[in-house]
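You will see subunit A twice below: alongside subunit B first, and alongside subunit C after that.
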Partner chain A sequence: MATALASDLTTLTLGAPLALDSGKQLANVELAYETYGELNADKSNAILIFHALTGDQFVAKTHPLTGKPGWWDRMVGPGKPIDTARYHVICANVIGSCLGSTGPASAAQDGEPYGMRFPVITIRDMVRAQVGLLDALGIERLHAVVGGSMGGMQALSFAANFPGRTERVLAIATTARHSAQNIAFHEVGRQAIMADPDWEGGDYYARGKGPEKGLAVARMAAHITYLSEQGLTDKFGRQLQDRDAKSFGFDADFQVESYLRYQGLAFTDRFDANSYLYITRAMDYFDLAEEHGGLLADAFREASDTRFCVVSFDTDWLYPTSESRNVVHALNAVAAPVSFVELSAPFGHDSFLLECPALDRVVKGFLG
Partner chain B sequence: MATALASDLTTLTLGAPLALDSGKQLANVELAYETYGELNADKSNAILIFHALTGDQFVAKTHPLTGKPGWWDRMVGPGKPIDTARYHVICANVIGSCLGSTGPASAAQDGEPYGMRFPVITIRDMVRAQVGLLDALGIERLHAVVGGSMGGMQALSFAANFPGRTERVLAIATTARHSAQNIAFHEVGRQAIMADPDWEGGDYYARGKGPEKGLAVARMAAHITYLSEQGLTDKFGRQLQDRDAKSFGFDADFQVESYLRYQGLAFTDRFDANSYLYITRAMDYFDLAEEHGGLLADAFREASDTRFCVVSFDTDWLYPTSESRNVVHALNAVAAPVSFVELSAPFGHDSFLLECPALDRVVKGFLG
Partner chain C sequence: MSLRPDLAKIAELVPEGVRVLDVGCGEGELMDVLRRERGVDARGMEIDPELVEKSVSRGLSVVQGDADRDLADYPDAAFDVAILSQTLQTASRPDYMLDQLLRIGRTAFVSFPNFAYWKMRLSLLMNGRMPVTRHLPVSWYETKNIHHLTVDDFRQLIADKGVTVEGCWFFADGKEIGGSNANWRAEHAVFRLSR
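Right after this comes the complex of A and B.
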């Protein structure tokens, strides 16, 4: 468990309490955000990027905790598909997260960390907070909203709930509702965290050590869902790790074991376990149709003059193409202009983060 | 953690130490087994059923710990596809397991439970022990070996390593080697168990309480892989559990969460965590081609006069049809008589255990 230094963060405090879907209010909401490229005079060139479950605002800047390049550095920058020489790119850490925006690790009114007293939030709550940020920045209408995975959920939610505030919506590798299988995998992760005695009902901040083993297991399970079976086979197969023969023991004999263990451990250095609980819950609660009376098309009725682009990947089994098709059918039903493409990429759900030249072309072309 | 009473168990002690693939030997190997139907005079009507990871010898008898019907009660019995009015069915608990056969919970030479001193075993070791049982029972040649999932691995291993000892091999929903994704899911489960402080390096027997939370998480993760995405959607979708609206909390709001939690908890009442570690390890080590010089066809070269039937399910993403096809191609390469069918069933990997009339017909037809 590590925390970013305040000097690494740009934050803004929303002027009013945030009304949440739960009926509760969240006071003193801080949003940590980063911008890339210049905002033009009439404030018409802004693109809001929404990050995924474990992402953050450091889209194209060095991560302050890991020292690694931004998570979409390959996509965002001068001359890149999301061209910061032309566009002003904004990305904010979602509420509930742990890189500067208000979340379970933040101080509540009594000065102590919220822990599990933090209210359960939804994808729409995350979006509402970011609309508050746009208001504060004086940006009335975006050139586009863009997001992959949970970022795509926010993009769809933004379109449905704030239809006048963007010209374009680019939703990648995402879904309009979490399926039973999606919920099941998240529940495994939450149970792994809560089973760890170091979780202590979420009240671990004072100790400086959270439920790291549980969080690592949660990350390992989730990580498998981000990759395709074929991708894992191509990358690791049954290759052994630094040995010529099986050890007949329980060390990480196979490369894929060693890789997963590393993914789990590394994650605990940069992410808060309670944030993982709250954000996965928000994703599981996401059902855009349900929010709009049960018919997905109704979610988009006010957004029918927004331009949409929906992208899926053929090897993504977390949010398979059928989920994107579901969104496209709803958009068709309200005659919204929509482009839809299923790209072929070997990496499964994570394809949107990895080397996929076809995605670059789609993004560049759609943003214009 | 519960243990079966000795009075519930039929056991046989192998006469000689078992030579293991690791190079070690396992002394005083006990095998707990059950039989169904009469053995005929020339001992030619025996069918050996191999159970799966968490299965046991109670194929068609009430389970002594859960009080539930046998795991393949629908398939095995008088007049059923595996007809005990005609065949003598044998099923033994695999070594490494926890229902009477020698495993980590058994006493080592020093009288204390093995725990993690138990040697790492392989699928072939499990099969070797069961061949020892056949020897003791005086059964030279089986009418058939039958198994699904890990049972199918044992069936293939039996055919490859003891080719003269069966006329027929029926391998259902299985694979000739564990893939990187298969290993990855098992590793998550093992890490969940080992992360539980109640595991205590496997040395928990004296306390009477094992790493139940970790084992439950392992089971939950594995359970998802046994079901199809569509099956989960059909069965649970996003239906709420005993409530009209989301609770905005971390209780099991969704039926699928409640179901998974139940599956995890119930499992800890009947299964030993160390056995879970050892048996998943054996499955991950399984690579029938590697055992036979790298070419799967070579595994079956001596078995080319055995009749094979290979069955896969279209919704099984744990051991998809491509894995069965791989086996069939190897059998074709040695001109072994093989029938192959991909059945359509909605339940994913678990289809072999559930209502699937087409499977009943295939099994009945193949056994003759």
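Right after this comes the complex of A and C.
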């Protein structure tokens, strides 16, 4: 498990302890964030991008650990759909994560890493922390909040809990609650991590080696849910990996196996297993209607002047179009100005990160 | 870009600054004019995702949806004006769609092609085949128009429902014509309705 160098990170410590949904408090919350483009004089051109489960603040900058381009480099930059020549883009690492913001690998009051002593957090807690960042930056009202997947959950939560602090909400490939199937897949991942003897109840930091095998398996299982069956078939089919015949053994005979193993291993170089436990838990606890008395429309009642754009993909079976329709239905019920489109793209849930010109046009048009 | 005559008529009749839902809004041409020229808060619904994408990318609030099913999501009287242009004849139950329209909007505009237009009648009489015209350009087997109607059919429906006709306008060859013998003479019609 690698850690980012402090010199690669921009961080801010929140002035007050963060009150969490669990009833606990998190003190000395540090948020690592990046900004792109200039903030204008009246601070009205800021866009807050929320990242997904394993994402980070390096939206459009080279990742300090992997050296790869930012995860939304194709969407964010000068002249791109989220145009940093016009907008001041902010993206913060969520609390619970591991790229500079306070999470289970951070030091607790006693100077030792939290490990499993880190409090269970929610999507709303992540949003609260980022509102704290906006307060510290002196940004009262955003031009837009934008997010895909877990980022979309944060965008919806932001609208529901902090109405009036953004003019627009763009929620892509997301849901207002985690389904039984969503929770089930996450539980497979968590059990893989916790079943790895190197997990040690979460106290592995001192040894410098975490439950890498378990984390890799968790990533492999999750990665399948991000792709479509057709996408996997088109990319790999039943093709064999570097061999002419099946080995009658348990090597990675098939290309798809080799690909998943690679994805799993590469992930352990940049992500902390305990962070994976905490963030998946936050996603599983997410139910925006439940937070607002059981009726999703009530979540948006104060946000009925906010412009919303909800986008789903026809091949996304993780957060299918029906979940986006639930959100749209609730927004219609409070007569909020909402746009909704189901785009056609072959890549499943990951379509929001990949080449999809129709998404580019929608994002650009919606942001105005 | 100039609007189709029925849309231009609706644009002219929608009061300034009101809230409008355009059902079957296409690329959002009418919404765009209403927004720019009349300061209207316009929302749209469109079934075709490519048209929705075009509307959204011009900054309009449009929901991809099926009017047969999704109008039920809107609260009562959510809009001052609800517009159904050239969509009634594609509904699985046009009568239910009209009920929804008048539930959501205090006033409704409905425009539709008149199947009793004299050229249609003549074409059917002479050729014995379903007419294919400028306004109904698709063959019977691939058209989305599954409930063809005439001006008189529509008048009958709204009379049966006790709906008030606040006004009606008729068009042929791209021009507005008078209301006499509209069932013969009109190629399409626009009705303004209220409960």
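The working rule: the second predicted complex is superposed on the first by the 368 of 368 C-alpha atoms of A that agree within 3 Å, B and C clash if a C-alpha of one lies under 4 Å from a C-alpha of the other, contacts with A are read in each partner's own complex, and residues count from 1 in each chain.
The working rule: a contact is a pair of C-beta atoms (placed from the backbone, for glycine too) under 8 Å apart; a residue touches a chain by one contact, two chains touch by 3 or more.
Since we're looking at a predicted model, the values are computed, not measured.
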Inset, instruction - Return first, second, both or neither, reflecting whether A:F340 touches subunit B, subunit C, both chains, or no partner chain. - result: second
Legend entry - Partner chain in contact with A:D125 - subunit B first, subunit C second, else both or neither: neither
Inset, instruction - Could you look at A:D196 and tell me whether it touches subunit B, subunit C, both or neither (first, second, both, neither)? - result: first
Inset, instruction - Check the residue A:D350 against both partner chains and state whether it touches subunit B (first), subunit C (second), both, or neither. - result: neither
Inset, instruction - Answer with first, second, both or neither: which of subunit B and subunit C does A:V217 touch in the superposed model? - result: first
Inset, instruction - Check the residue A:R361 against both partner chains and state whether it touches subunit B (first), subunit C (second), both, or neither. - result: second
Inset, instruction - Kindly classify A:E291 by the partners it touches after superposition: subunit B alone (first), subunit C alone (second), both, or neither? - result: neither
Inset, instruction - Considering only touches as defined above, state whether A:D272 meets subunit B (first), subunit C (second), both or neither. - result: neither
Inset, instruction - Go through subunit A and flag every residue that touches subunit B in one model and subunit C in the other. - result: none
Legend entry - Touching residues on subunit C, where the partner in the complex is subunit A: 19, 41, 43, 49, 52-53, 55-65, 73-75, 78
Legend entry - Residues on subunit B engaged by subunit A in the complex (per definition of touch): 21-24, 116, 119-120, 177-181, 183-185, 187-188, 190-192, 194-197, 213-214, 216-217, 220-221, 224, 227, 229, 232-233, 235-238, 246, 248-250, 252, 254, 256-257, 260-261, 264, 277, 281, 284-285, 287, 290, 317, 320
Inset, instruction - Sort out for me which residues of subunit A touch subunit C in the complex. - result: 307, 309, 328-329, 332-335, 337-344, 358, 361-362, 364-366, 368
